[in-house]
Each structure stands twice: as C-alpha cells, then as structure tokens.
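As written, the chain order gives the labels A, B, C, D, E and F, with residue 1 at the start of each chain.
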Amino acid sequence: MAQIVSFGEVLMRLSTPGFSRFEQARQLNVTYAGGEANVSTALAYWGHHTAHVTRFPDSPIGRAAAQYLHFHGVDVSHIIYGGPRMAVYFLETGAALRGSQIVYDRANSSLAEIDPKEIDWESILKDAKWFHWAGITPALSQGAADALLDGIKAARKLGLTVSGDIFYRANLWKYGKKPSDILPELTAGTDIVIANSENIKEIFGIEGNDFVESCVNLQKAYPQVKTIVDTKRTSISASHNLLRAYLWNGKELLETADTEINPIIDRVGGGDAFIAGLIHGLITFNDQQKALEFGVAASALKHTIEGDALISTIQEVEAIRQGETSGRIKR
Amino acid sequence: MAQIVSFGEVLMRLSTPGFSRFEQARQLNVTYAGGEANVSTALAYWGHHTAHVTRFPDSPIGRAAAQYLHFHGVDVSHIIYGGPRMAVYFLETGAALRGSQIVYDRANSSLAEIDPKEIDWESILKDAKWFHWAGITPALSQGAADALLDGIKAARKLGLTVSGDIFYRANLWKYGKKPSDILPELTAGTDIVIANSENIKEIFGIEGNDFVESCVNLQKAYPQVKTIVDTKRTSISASHNLLRAYLWNGKELLETADTEINPIIDRVGGGDAFIAGLIHGLITFNDQQKALEFGVAASALKHTIEGDALISTIQEVEAIRQGETSGRIKR
Amino acid sequence: MAQIVSFGEVLMRLSTPGFSRFEQARQLNVTYAGGEANVSTALAYWGHHTAHVTRFPDSPIGRAAAQYLHFHGVDVSHIIYGGPRMAVYFLETGAALRGSQIVYDRANSSLAEIDPKEIDWESILKDAKWFHWAGITPALSQGAADALLDGIKAARKLGLTVSGDIFYRANLWKYGKKPSDILPELTAGTDIVIANSENIKEIFGIEGNDFVESCVNLQKAYPQVKTIVDTKRTSISASHNLLRAYLWNGKELLETADTEINPIIDRVGGGDAFIAGLIHGLITFNDQQKALEFGVAASALKHTIEGDALISTIQEVEAIRQGETSGRIKR
Amino acid sequence: MAQIVSFGEVLMRLSTPGFSRFEQARQLNVTYAGGEANVSTALAYWGHHTAHVTRFPDSPIGRAAAQYLHFHGVDVSHIIYGGPRMAVYFLETGAALRGSQIVYDRANSSLAEIDPKEIDWESILKDAKWFHWAGITPALSQGAADALLDGIKAARKLGLTVSGDIFYRANLWKYGKKPSDILPELTAGTDIVIANSENIKEIFGIEGNDFVESCVNLQKAYPQVKTIVDTKRTSISASHNLLRAYLWNGKELLETADTEINPIIDRVGGGDAFIAGLIHGLITFNDQQKALEFGVAASALKHTIEGDALISTIQEVEAIRQGETSGRIKR
Amino acid sequence: MAQIVSFGEVLMRLSTPGFSRFEQARQLNVTYAGGEANVSTALAYWGHHTAHVTRFPDSPIGRAAAQYLHFHGVDVSHIIYGGPRMAVYFLETGAALRGSQIVYDRANSSLAEIDPKEIDWESILKDAKWFHWAGITPALSQGAADALLDGIKAARKLGLTVSGDIFYRANLWKYGKKPSDILPELTAGTDIVIANSENIKEIFGIEGNDFVESCVNLQKAYPQVKTIVDTKRTSISASHNLLRAYLWNGKELLETADTEINPIIDRVGGGDAFIAGLIHGLITFNDQQKALEFGVAASALKHTIEGDALISTIQEVEAIRQGETSGRIKR
Amino acid sequence: MAQIVSFGEVLMRLSTPGFSRFEQARQLNVTYAGGEANVSTALAYWGHHTAHVTRFPDSPIGRAAAQYLHFHGVDVSHIIYGGPRMAVYFLETGAALRGSQIVYDRANSSLAEIDPKEIDWESILKDAKWFHWAGITPALSQGAADALLDGIKAARKLGLTVSGDIFYRANLWKYGKKPSDILPELTAGTDIVIANSENIKEIFGIEGNDFVESCVNLQKAYPQVKTIVDTKRTSISASHNLLRAYLWNGKELLETADTEINPIIDRVGGGDAFIAGLIHGLITFNDQQKALEFGVAASALKHTIEGDALISTIQEVEAIRQGETSGRIKR
C-alpha cells in the first residue's frame, strides 16, 4: 500500500521542441504532468511508495497517461476512469529575456466532472502516512473541491500528515465559488502549508507585517497548521534563476541560502520538486533545516531536467544540498 | 473575395510519428484539419480562392490553427475568435492488418459553443460561387446546426451552388437532436449531396433497391438535389486500398474504374480530397465523368501525403486521372 | 503475485532509424527486449499479471532496462541486480529483398554470469500458474542453464504449466555444452513445447516422417510434453510474409490458415507474440484451435508494431483472429 | 494594399541542427530569409500589412519560399517568378567562444538576374506608406541596383517614407561597381538611414570626429536624410551579447541603455528585428526615444527565437522595452 | 593508386524526410551524390580502390562534400577546389502512384566552370584499370565536355577500359552544343556503353529494328565499343518496380530475369548501382551473364537503401543474384 | 605513412539527446571515441597524417567504428579485427548544477583481449615522428599493457617523440596489476608526460611541495621525460568552466591565462583536445608557450562541439589563442 498519496489533475503536456514558438512547431513533445502528481513522481524515484489519485477518460489517451505515471514508479491503481476528456496544457519554452508560455485547455476534464462518491478515500488511505493536495484542485469544479475535502477528512481521520500547496490560479475559479469560500476549510485539516504572505492575505484575510507574523496569525486561526513553508525565486532571466526557501515551524524561521541555476533546461515543476524534497526530508531526516535544504536542492536539480517531474536519486539531491554544484562528470 | 466557402470544425491533429502506438509516442506531429477545411485547402492549392469559416479560441493555439490554414492558402479572414477551446483529435497510423485509430476530444469546442449570430453569412458569401458543408457540423451542438442552416439559406438566397457531405458520426449527437431531425432541412437547400444508400435510408427514411433508386427517391423528396455522389473503398489492408466513385445526375449513373493505392502513407482526408477534386472538376470541366474521375484521382493522391489535406498541383491530379500511376521520377 | 512467470536474458536493443544501414546511422532507437520477456510483455497488455526473471547490472542502464519492462506492465520485482553488463543487440531493419540484420553483443552478460542460487524460485513461483522458458537461456552459460533447470523443477513441484520454446542458436553454445546435453532434461519438465521437426531431430535425435510423427515420438520419450506447437512463415520478402501455425495435442493436428502481413513494420519478436497469444488462448479459451489462431493473430499484429514486443488489446487480436484484417480506421 | 513594402533577396537558409558543425550535419533545418524580408515578417506579426518584393525561380523551391513568407503574414503577391535559381545560405550555429559561421551561395540568383522592367513599382507602392531597402541589394548586380533605384524613385514620387539599411558586404560587389558608385544615389532618396560612422566614411567619403558629426555632415550632403540610426553590439561570446542603439534626428542624439541577452538562441536577423521595431515605433508612437527602445527590445527578443525573423506580439516587445526581462512564465 | 576512376559532377542532395512534400519539409536530409560518384562509392564498399574526379568550391560545403565521399571509401585526393559553387538537387520522395520529384540547381557549378587544364589526367590514371563517365558531364559546359574528352583520351592512351553511361538530360544542354555534337567523339573512345535504342538513335542517328540491330549498327560506326548494356524497368508504382537488363557483346544478347522490388525505399541511384555491379562483375568474374545479373542484383538492393549510393557487401549482392530475395533476418 | 600514431581503446559512445536522463531517452546518438583516438582526430583536421591503432570486432559494428574514424581523417589501416566485442560507453549530458554521467561497458573488449603479437609496431611506426599513449590502456588487461609497452619500445628504437597521458581510472585495473606496477616502465620511455602532482605521487611514489618540485623529482627518476604538462579546470557548473595549463620544461614553468567557456555544449574529450593542440604546437611552433596556449584554445573550442573529438581548423584555434573569443559571426 502506498505511503504517500497525492490527489489532483494530471494534464497532457504538449511542449514545443527546443525553444520553438507555437507558430513554428510541427512536432510537440508529449508527457503527462500535474503539480501533485509531480510530487509523487519525484518521491517514487527516491524509493517511496507513492500513489496518485485522479480521473482520466476511459480511452487510449487516458490509459497512456496512467501508463506514463506508472513508468515513473507511481502507483496508478486508484485512478478512476470516466468522464469526457484529458486536460491538456501547451508549453513553449523561453530563454534569456523571453519567458516560457503556457496555454491551458483543462475545462470539462474528467477530474473536473468527478462525482466525489467515485473515490473511496478510506480504502485508498488506509495504510498511508501522508496526503498531499494543492489549491488548483478546488478551483476546477464543485465536484473536485468536494472530493478533495473528503480526502482531507479521511486523512485526518486516519491520522495521516496532510500537506497542502495553497497556490491557486485566480482565473481558474469559474463554477461560482471563490478561493476564500473553499480553501479555508481545506486548510483547517492541513498540517503543512506551502504559502506566502500574499496568499495568506488573499485567501484567509489574514495579514502580517512580514512572513513570520502572517504565519503566526494563520496558525492562530488554523491550529492544525504546524508548519508553513515558502520559496523565493530571483528571476534574472528565463535561463538564470536563484532559489531559496523559508520554513516557519511555530517557533523559529528557518531559511536556506540561494542556489543558482544557470542555464535552466525546464522551469516547469520546480515548485513541485521543492515540495517533494521537503516531504522526503521531513519523513526521513529528524532535521527541518536539512529537509528545507533538501527541498531547495531538489527544486534546483529539477530545473536541469526536461519535463515537469524530477527524475533523480537521493544521492544526487543530497550532493547538491551539501554544495556540490560544480557539475563535474560522474564516471 | 472567396469563390468557394467552407464551414465546419477544425481540429488540432496530433499524430504519432511513423507507425508508433499511442503508448510509444513521446512526440506527436501537429497539424490542423477538418473535413470541410480539407476541401478548401486542396482547392486553394489548385488556385481557387477559398475561405473557411469556423470558430477558434482567442489564444496562441487558435491563432496557430488559423495560421496553418493560411499557410496552405485558405482565406482565414472570416474565422471568429472566442469560446473555450480548440477541438483535438489524436491519430495513430496503422499498417498492414492494423487499422489507424482516432480518438476525438472535441466536446465544448469553440465552434460547438458558437452563437449563430456571430457569423454574417451574407457578407461572407456575397461574391462567392460555392458553399460546402458536412454532416458532422450539426452533430456538434444546436448553435453549430443553426449557424450551418443560416449559411445554407444565405447561400441559396445569393445563388451559390451548395454541396453537402451527408456523413455524420452517430455517436457525436449528444445535445438532444438526431440526424433525422436536422439533416433533412439542410439537405433541402443543397445541390450536390455526397451520400450512400445507407445514409439516405437512415437520415431520410428513403429506401431503394440500389444506389440509383435511392437517389431517384431522394430527389423526389428534395428537388433541389441535382447530383448525388458516392465513393466505394475496397480495403485490402490498412496499407492497400482500391477506390472508385459513382455519380447520379438525375439521368444516368456515372462510374469510375478502381484506382489502386499501395502503400497508403496517410489514409485520413481521402474522402475530403475526393470532394475537392469533384468540386474542381464540376467548376472547371464541362464534363461530369471527368470531374468524377478527377475526384478519385485527387483522393488517391491524398493517400500518399502526410496530413489530412491534399497538397498538389492540378497537373499531378490530372496525370493520375489519365492513368499515369506508374510513379516514375519527375525531374 | 504474478500468474505467469518468464525467465531469460533481456538485451538492450539498438536499432537504426527507418531503414538505415549501420554505416549510416548517427542515432539508434533504444528499447529492451528478449524472447521470454516479450512473451510476458504481450500478456501484460492483455491484463495478465506477468513477471519476468532475469539479471541486470546494478547501474543506470540496468535500472533503465527494468523500468522499460515495468512501463509495459511486467512485474520486475524479481529481477536480480549484479554482474558485469547488459547484453546488447544491434538491429538494422531491412525492406523488400534486403533482410534485417542483427549483431549480438551478449557475451559475459549479467545473466550469463548468474549464480543459480541467486534466484529463489519457490518464492517467485509460489502463486503462479505458468512458467515460460526458451532454448537460448541454457546456451548462455552453465549458470544460466542451471538456473533454468532449477526454475523448471520448482515449477513442476508447484504444479505450474511449463512452456518451452525449444529454439536455440547453434553458434551461441560456447561454454562446453551442446544443446543435446542440456535441452532434453529441460524438456522433460515441460508441458508445451514450441518446436519443429528439425529441432526435434537435432536436439533429441528423434525423427519422424512428418511433424505429427516427430511429435508422437517426442511424446513417447518425454511423456510430460502434452502439446507441441510450430509456426510456418512464408517469406515473400522482408516486407511481405505469410504466417500459419500447427498444434499437435497428442490426438490431432490443428492448423490455421495463412495470415498475410504486408508491409512488415518490425519483424523481430513475431515468434514471441505467437507464444504469448497461444498462452493467452490456452489459459482463457477452452478451445485449442482458437488459441492457436489467437497466437497467429497476435504474431501478425506484432509485425505492424515497432519494437520486439506486441502492444495491443485483446480486442484487437481477436478481431484479426476473426478475419478482420482490412485495416479500416477505428474512430 | 500593403502599407509597408520591402525589397531584397530572400535566401533559402539551411542551418545545422543544434550546434553541429557542417561536417557533422546529416540534416539541415530549412527556412527562407533575407534582411529586408525579415523586417516585413516582424512587422506582419505586429499587424502591419507588409509586402515583400523579390524574384524567385518558377519551381517548387521558389514557390515554397514564397509560401514560407506568406505563412508569416507577408503579402507575396508582388513576387516575380523567373530566373535561374534561389539564393542559398548555410548556417552553422556557434556557442560560447565559437562564432556562428555563414557560407553564401547566392551568385546568379533569380533576383540578381532581374530585369528592372519586371517590377511595376508605381502599382505596388500606390497605397503604401513606407519603403525599406538595404545595401546588399545593389551589390548583387546592375539589374538589382537599377530595380532598387527605380523603387526608391517611385517611393519618393508617391510620398512614402523610405528607410535604408546602408550595410553592404564588401566582398559581394563583383559586377564592376563599387558601393560608392551606387549607394550615394540610393541614399539621396532615403529618409531614414541605418549606418555607423565607418559606413558613412567608406561609402560617402564623409568623415566626423564622432557619430553625431558624421551624421551632421551626411545630412548636409543628403538633405533628404532626416534620421540616422545605429546599433552597438557588445559581444561577450557567441552566447552572450549586450545591445544598445543611437538615433540622430538632426537635433539631438537619442540613446538606449544596454539590453543583455544570455543565452542567444539564434543570432542571425538581430539587426533586421531592430529595424522592424524602429519602423513600428516611428509609425505608431509619437516618440523617437520610445521607437528606438522598441527597436532594441525587438532585436533582443529576436535573439531568443530560431530563424532569421522575429515572431512576436507587440505586447511581448513592449514588455521588454519597459524592462520586464526576468523571463517569468506566462500562463 | 586507384584502380577505377570516375569523373562527373557531385551534387548536394537535399531530400525531404519520409514522404513529405517540399511545402511540408522544415528539415532536409543532406548527402552528396552524382551518377559517376555513385558508381565509385558502390565499388569502394566492395573493396575496389576507386577515385572520383570532380571540382568543388573551396568552402566548408565543398570540403564537407569531399569528406562525405571519403567516408564512403572513395579516394578524393584528385578533387580540385575552386569555382563558384556546389551543385544542388532537391528530392521529394514519392510513394504509390505519386512519383518522386527532383529539382536541380546545378548551373554555374564549380565543375561546370572548370578549365580542362586543371586536371592532370595522365597522373591520375597512371596505374588505373578502368575509367567511367556519363553523358551528363558534357551537357554542363564546354569546359566539362573538354575535360571529359581529355580524360577519355588519356585513358585510351594508358590502356584503361572505358565505360560510358550514354544518358543525358536533353534540357541540360544550354551552352550551345547538342548531344550529337559531343557524345559521338566521347563514345568513340569507349569500350562499354550503357544505352538503349532510343539513345542510339537520338545521339548517333543510328537506327535498328530492335536493340540488337541498334547495337550492331553502333559497333560498325564505333568499333571501340565492345559491349552495349541496357536495363529495363517496369514501374508498377513509385513503390513497386521490376528490373531486368540486357547485354550485347557483339555475338549474343544476354538477358536477366526480372527482379522485383517492393517496397522501394529510395529509387534514386538505381541505375548507377547497376553499372557498379556490372563493372565489378566484368572485372571479377570471367562470365558476362553473371556480371549482368550482379548488376541487376546491385541495383535492386540499392532501391532498399536511403541515399543515392549502394552501401553493401559483395556477399549481400551475390546472395540476391542467386535468388535469395526472401529477406529473412540475418543474425 | 602516418606522422603521428596513437594507440588505445575506441568505444562506441551512446549519448542521450539534449539533456535527457537515461530513463527518458528512447534514442541515443552514436559516435565512436577514445582518449588517444580523439587526439589523432583533432590532429587530422589540422592536416597531420595520423593513424590510430586499436582492435575492433570483425563485425558490422567494428567496421562502422573504423569507418567513423576514417570519416574524420584518421588512417585506420593498422586497426586489427578480431576479439569478442566493441567497448561501449553511455553518456548523459548534464547542465548547470547537474554533472554529466558516464557508464562504461568496456570489459572483455576486443582490445582488452589482444595478443601483443598481433601488432607489428616497427612496420607501423617506421616513418612516423610521434607516438601517443594514455594510462587507461594498461588498465585494460595484461595483453593491452604489453602491447603498449612494445609500442613505446619500438617508438624509442625508431627515434619517435613519445607522449603519454598518465591518467588512469583506479577502478579499471581488474586483472591483477596496479598502476604502479606498470606505468613506471611505460613512463621511462616517454618524452612528454601529461600528469599532475597527485598522479606523480600515486603512480611513482614521487612527492614534491608543488608541481615544479614534483616534476623535478620525476625527471630525476625518469631522465627521458623532458616535459611535464598539466591542466587546471575551474568548474563553476556543468555549463561553465575555466581552463588553464602549465608546462614544465626542466627549466621554467610556463603557464596560460584562464579561458572561459560558457555554455559548454559537450564536456567530454576536452583533455584530449588539449593534448592534440599541444602536440600540434610542439611540432609546428618553435615556442613552447605558444604551444601550451594552442592546447588550451583547442580544448576550449572542443567544449563547444558535440562528440568527443575536436573538429576545427588551425585558424579557428589560433584565433582563440590570440584572444578572439567574442564569438562574432563569420561570413
């Protein structure tokens, strides 16, 4: 049985080759990705038994998507088949001063049209230890939001640790609800929140003079939240970024140094790799600082790999965490 | 102004390279195609001023689709931008005894969600001579069906020749109407119908002991229909087909010999190329037999070309029509 | 637990793209394949829980090979890691009157250097129903031959059905033993043998005036052998083959009609797909004739798919078995 | 009718993939490009109606070239078909301290062998507002030089703004004339000149202690010249450049800051994109400084795009002009 | 020193990938080929020391061309560097009833502009045994024609066997001479002529009721001509041909059976491979019939290989000559 | 006859495309490379007659490897055919903080199993001036070590200059000998040694407080060693390196400035290109400082070129040596 379970939409990713613009591409590279699934994928490569829950159309495309996750080591036995279609996103990879560009085609996806009853959370989460969700899921539809709430409730009931990436895309919420209608209840059942001060203000109406004050105030309102994590990206160009992270554990603010990435091969999924690294660290190390650093190292490494998901060994990430960023040949 | 105007959905075509199965493909070839647009494309290469009317999302993907048709010479100035998404179809190309496989993802496309008022048919068709439609459009939605009916009415009013490919996919009709609810009124305004006896029976409830009798009976009920055309494909394998065509002009049944195609490079769009060839022939030649043969030659040639659309010169098609199928090198 | 277990070497397959000669290729397509693993792969796509047992080097290449089989649905949890290297084969795909060409580099592979004690057959086969082996394995080394014999003995003890593809490459046997030294003992524990009259004569010294007589004589000497199966390939060219099969069940000779394949996309693995189809048929149908036909249909379909392994659904194979070989588009 | 008309040779561009050397490439990427056509292409993407005038062989290659420009939105209806051949250039893309390398094969091109009478300039320029030329055209042949002079005269007569890129390749002039024989008369009819002090000295024999003095002296001799523009490139490596520009308007010297480009994806056409941006700015903004900055932004963006021509929206360039060079993902 | 020397133009071959039309290709495959060089290439793979004489521009492109021939084993030390440009040809590969299409861009090539004095024939041919030429060379220019005549004279003087492929493209002769002005003198010094009755009539004005009579009459006029060879191609489609050959040795007409090729991978260079096979056979076997068959086998095999030149072993050709055309896998 | 002869293993290099990880690659780029052969390749492009001695399997793969070296201008006539297999290495190219990764599969290669008597060194080296070896060869097997020692002895006897890259991979030595058992005798016959202080200590047990002292002490023990050379690489990331070199000539320590390489296209073979440049410099210039700088320039340029070997002209390297690293376009 899976130790770590993630839930969320998986999209077919169609990216232009090299640095081609959409107008130029006559071929598209195809992978399958989603924020929460990316977390499970990275963790699976490190030896964790992870499962991803989502809903795919019952078609060769839906099956190819599941097979793709399976290829990367994620347990796909809890995926539900049904509904109209696979969500899609188109990616054009930028360079230098031209940013990458993403076009979504995710409306009416099989997951958006889910009936929450299709998922038997208690059975799925029975022997698991961790449940991960993100703020995009409740933006998709009432059904997706309800299914997620059911999942969090079951996780709480079964004693799992729950992590939530409180990130949402404002322009996704089209079914009548606002982030502030839904995210508070989800957050109430969550132990580890990935969020920055702005999110905390917009979603919960909770302010603070700085990140720590926002966190303190959030924890007052949501006592289940033990840990709040945030990353800071300095974007010198589409090809050159610096990355660091912060963690508030209710007592102190932990912080990492900047890690430099130049050149960036694939920017997408960098945040998900950070979360995967953080989860791995929190599960494996008895050291939050080291876990936070492992997250940043995982995220940095992700930027050098094509596709949304981090494909790596623990040793590779740990070496970067320890500062081995010289990129020498390994033989 | 365009001489020939077509109307219908255009889909992003994502095909696996070579003969790869969906499971194997990590790259997909991308073109844009649709039955009616394929007709306009083939005709544009022969020097006709053709325009295609459809609706695309106002996004880089929608604009790339229009640019693709523009590349092939089709006037895209009447395309409407709006609505949620581009329709998509996935294609896996078969060989020998393995047939090609198509998976559609066309629900909720921008065209399906059209408001008929968005199209100003009289302005578009003002100086045109020919209007072409197909039976898939009214299957998409009430809006698409209404928009098409408006187009046919405008064409009739302005004195255009109207051709209709009375082909529909039974499983597409999901908005509450049946083919027999809609297609009769559309056919009533159509001069040239592409259909076989089975279609005629299913859609109109009109029977006949053979194709000619079905045609005669159809013409009794729909006096505007002057010409009925059908093709017959003998499929020896996915790589080897024979093709012939029939035309009933109210007086006599014209017929072509079989044209052999071996190997088939790309089977999709073969029927559309036939219609393009037929339209070209009827416009250009004063000879229905020759027009029918030109249609078969165009269709056969299409099978040797990647993509849905026939890219050719008149000379190339005419040479095949005259029996030059030996495939010798041209220098 | 796996229902069907196969054992044998898996090689990295490096094939020239298209029809390039070795001299021309600057890129090689990479997959992983082996006769017995191909059987498990095809069966996995049809929903059987299959596991493959082999030995890979403990390196990124060994892990990539295992991940490749895992991708195709084969249980790789019993693969042993160790030894010097991955076996490799190079493939140049022929066409028309030029045959494909294979160059092996399999000496000193990790499997060849196996210590039979590394495999705990009883644990692996505990809940399985079927064990499959081929005559190439005992050609590799004494260790591989011993490991295979252990596997067959364990399978017998646990009551599995055992199938053996009594095919060997005469020039592989380089460690001092001859096929006739080893294969008889392996065959003695086998229920279903894939072999032709020539194999039977060369390996066992058993002759017959025809296939049936050879089979009858083989069964006299090896009473465990219930079924003997053979295929006949008519090779018109590298691109055009006919395929049929024979099955002797001790009572009667079953036989299929020829199935035509033209053009062949990838010839390699055709025999393995036949065995997979036969095993599926024997497990699933209560009808040996149908099982034999299913094997031929599976083999024919394999020839249209790139790579050694058949990727298909049961429905696709069954349709071909029933004679639907016209290759029409499926939508 | 076109607002902006450009004239000049278009070459087939055959570039090695990635960073391959000529010796390594077994495939070449093919596009079609030329300095003046690149200007029209960039402007077409920004919504200007641009037309390019040139001469192509009447062959599938000539037609493919025209279709390529048409694809990018340039009006190709004034292209003349005839003459012996398409000019070609071969490109090897450099990186780091290895510069890109270009090999021309443009002798005896269809444009070089033009008879000036083939172009009916008054008809082409009738409703246009802008005519653009470059110094390479008169280097090709007497016919090309004469045709260009006719174009400039017609533009003057019809009141168009004329811009000229006074850049020439010294080693191109092989038909007996020198730059100083021809360029002065062309410049005399030009409003906006792209040139640096060295060009001004070499072509016109006009010196100055600095750029402004050269400009002042040029304007004295050529009173039609209202504006002189120059760019300065700091080349840190083939992958890393800084770019700035200067504009003398007869009164003051305008200047931009450096824009950094790292890494460069495709260096070719950077100057043409600058001119396109400048023309767009001068037409659209009532602000020369902003126009100059728009030119630099357009040029910088071009360096991130494969091919000679800038494919972009106005918004993308404007964002860079305003300093948004962080390359963040756009969703 | 080379045993076999060929002389003629080598062109850069730019072919569309797969079966793409010129309009569709964004990449072109690049090789270098020419009728006479193709002969030397095929012979080099069979172990003959062959040298090709031609003239290339002194540029990276010219050197890449020479390196390409060198790669295939041809001695390129006698190639002359100079002149304006590399000849080019564009190839679109057809299939089924669509023939391949070639567009030449060979005017003003470096070879066409050769000064015959640049070649020191006596030094080049000193130790050689065979000289091969074709009828396209004298069509290029007076210089090329003169250089060829010098070569044939030197070969005669030094006692070489001379073979000439009396094939010419009528539309190439643009410098004022006609085939009948030049080819007779070249033929007068030639031992083995590849020609059919039509060529013999058109070039020499020599008629005959059949091939043998034409040959007899040709030999009367040109007593040096000992052998006349012709091939006959039955073109069922661009993908399916039959091939046979005839040889008149002054006494009897030798003839081969048809060899079937289906599918054809690359049609171009089929005739050159025949000549290579014939030369190999005449040099190696003491049996004209066998030599003729070896030529047909070589030609047939060439049709299965991408590029103009036959890449093969003697064993492969000999096997086909002996009727092994079943295309079975070689391991 | 070759002037410069190198000896050592050549491996098939299979590299993932772009920056793909091993898990992601479905295609591998194939070239052939080895440290010593890379030296000969680079020198061949500069016009030196170089020959490489190695042993390849007598198979299409072995012949393709030889043809690859031949393509790059290296004389392959002394290559020996025989033995079991081609050595292979797999390469995954890193970027930014992810280093490249190499997996070797070289055990039991044809060279490792060489019988020293197979090489007739005196015949091969007869007219040569330079012999180059590296420390990996004696690590392969006793046979390879003996063959190398024979080569060095023959070179000494014939008066050649001998250069040795005293680099070895500690984990390669598996046949019972240690580097310190073998390398001293090889070094004793060598004029120019590439080594750093650590190598000198580990192999010879010779220490020094700095590089110069190590060199002085090495020369005392090995008086044949006239020159000791070392490079220093500063690895900022896998994409960004600085490179410099040192040369001790017995009297003074020569040193170059750092050359910056950013971005790195292909890191592998950088050291071999340095040695090639150094050898060229020592042969061509009467100036050790210039030779050392030429080596660094060659190495830097190599990093911008795909594949192990430097493909360049002397002019390109010399320009970099003179500080022209701005990477401007060459036309």
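Definition applied: a contact is a pair of C-beta atoms (placed from the backbone, for glycine too) under 8 Å apart; a residue touches a chain by one contact, two chains touch by 3 or more.
All figures in this text were calculated on a predicted structure; none of them were measured in a lab.
Relative to chain A, the chain whose mean Cα position lies farthest away is E. The chain with its Cα centre farthest from the Cα centre of chain D is C. Chain B and chain D have Cα centroids lying 42 Å from one another. A separation of 46 Å divides the Cα centre of chain C from that of chain E.
With centres taken as mean Cα positions, chain E sits 63 Å from chain A. Residues of chain E found to touch two or more other chains are 23, 26, 67, 101, 263. Against chain A, the residues of chain B that register as touching in their complex are 14, 17, 22-23, 25-31, 59-61, 63-64, 67, 84-86, 88, 90, 92, 101, 103, 105, 107-108.
Listing the residues of chain C that touch chain B in their complex gives 259-265, 300-301, 303-307, 311, 316, 320, 325-331. Partner chain F is touched in their complex by these residues of chain E: 67, 70-71, 73. Taken together, the chain A residues at the contact with chain D in this complex read 18-21, 23-24, 94-102, 104, 169, 235-240, 263, 267-268.
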